[in-house]
């Protein structure tokens, strides 16, 4: 089981490299085994080239290291808060990918301008509020997760599986680490196109809700008909 | 015959990958044999890597599957409407390529700002009207085709072999699947340059009609003199 | 001699491919042997892959084909006018490279905003006037050259070895085909950076003339000290 | 010792190539052996392909060549001024990378808009004042270094290990040549994202100082906890 989780989390990390979402040791992906309550995450500050399954760090949901010789990603605490807050998710990915981060830095949500966005995110990708001085100075990474979790308190994190942390960058999630990484790649693509659209037409009209739902549901609803079943 | 069509349609799909127009399983190309009234199209949600001619799906012009074990692209109905409405075309391509989609999302036609554009499209690449709630809720993909077809009702779809579906992305066509894919690549290139030109000079003057015709016709007119005959 | 010229002109054409300046069969480079009054130029509409020296077309300065089984680039007449007007040049390159063409389409000269530009071009890269209906309808390609030549009538084409044809794209030149291609690559790079600078600060101040000359002359003056002699 | 320095400086130069920061022979990296007072720097105008350790030029801190058959980079004098002014640095890198240069050309400092920036630079990356005619005409390269050094006279160059020379481009530094090159790559990435953020939201709010320090210090402070110790 953990063998599988390690392999899948490593693969999710490498997908970020292949798609150009990370530079040097930027970014991190993790996955969880809900049955065992254990998380596998990228080690901190280690190059992606040559990374092997045994380099991943296994922790419990309180961040205690269960297996692994390396220190886990410094963003581990953010991941753990998300796993506790969102019971439906199985993987978390954080990157500083160019366009998604640019929107986070501009502190603007990414509006849903088209069907590419609607295929994956049922509405705008939101920006969190800025963090307070107290939240930054103590338990910063855990508080980053709390700010995200509170943002989704009234909503369903599976309808919009991504968020922009203000002045920081995107966090994405999904049923598995692979799907979280996939969502991070799509988010960057959608963020790039929205950048061009918004700079072409300062206030482009958002996709109307009927059109948005049509696309989201033809891929994700109970009667989805995209793909091979 | 169908062997040839399959091979050519597969090749058109792969050209979209090589030129960076599609991400994951995005995009789809099809081709038609007018003699047999049969269409070959990409299967839905299948990775491009490892795609072989036998994975393509053959349907008739009403969308009945004639050959193939996989489900066809979910955009099949759009392609079929275009084949019925535009008797001169032999191939259709749909992508969510970055810049063409950005214009579709901004709901602005791509103005003809230069001779690169004029070499392929005899005037602006238009944007369709937004689709109505009814058109989206029932027979969405067929209605996407109808909105395009009605847009060209008074014109010649071979003079401007591309359109931007509002809030969605580009559809392109041509005498063959290969030429439809070629037009999709050029459209993306022209869309990118027009983006830079428009953001440099908010209202750049369009190419004058004489210049536009000169370039379109030196490539496509009866007295064309570009290329080797 | 012509062997060398063919090889060098082929290499200049391939440099445009390697540097991402051309798409499909776009673009063309030529070179001249002043001693023999003969020009070698890319054939029209032939793919770059597999192009060999014997595919190049040799013409005299009036455009008569002296050697070669293929039709020359449809822009040959523009190249010939430039060779006749600018006796100091040995190579001409035309591309539709993204950023240089975007400036040509915006009909704005590329201002000299920094030392990268000043290292190669002693002042702004100019835009030609628009061509008249008469110039477009008859001898279009030759007239394109004439409009360029007249623009430089009062100046030295070696101080600014490039121009943007309004609504079309860049033409570059140099002492050899290789240097013309090199200038085309630099022009694209400079055009890209100027695009970002101008969109960041609508009216950035141009490099002051002393600074401009310092950089141009440390590379090109009689006392140049850049490079290995 | 010098063997090691040569190898490390060569590697720093090649890192600029691999990361797309330099075109043709643009850019230069150097490193210093403080014990011996000797600097290794890239030769001027030599292609990166095929560059070997013995091609690097060794000079003393006054620019006298101690070893090497080639002429050193024409920017050597700038590097030397920085080594004399900033005793804590071991490497210097200069590039004309696209986005950093665009900010230098726009003569705008790069604001600290997010944590990616804060991870490396403790505040905005500054722009120097324009150089005077006298500074340009005599000892231009040394004066470029003096203008940078004076800018940092009241500050700590290790807190913000980069600067934009107005109308020119970035200079970066670090404890070693490798780290200087690393900073140049990060600077380009940060400059690109800040470009998108600023064009999305003309006056985005800067990261608040508490957040900025948190990120800078979790990587660089005495209690840093990023990476494997």
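A, B, C and D label the chains in the order they appear, each numbered from 1.
The criterion applied here is as follows: contacts are C-beta pairs under 8 Å (C-beta built on N, C-alpha and C of every residue); 3 or more make two chains touch, one makes a residue touch a chain.
Note that this is a predicted model, so its numbers are computed, not measured.
At the interface between chain C and chain D, under half of the residue numbers appear on both sides, which makes the contact a different-residue one. Overlaying chain B on chain C by C-alpha atoms takes a rotation of 90 degrees, rounded in steps of 5.
Centroids built from CA atoms put chain B at 33 Å from chain A. For chain C, residues touching at least two other chains, in rising order: 198-199.
Arrangement of the chains shown, judged by which pairs touch: one closed cycle in which each chain has exactly two touching partners. On the chain D side of its complex with chain A, the touching residues are 113-116, 182, 185-186, 189, 192-194, 196-201, 204-205, 207-208, 210-211, 214, 218, 225-229. Residues 23-26, 43-46, 70-71, 74, 96, 98-99, 101-108, 130-131, 133, 136-137, 140, 167-169, 195, 198-199 of chain A touch chain D in their complex.
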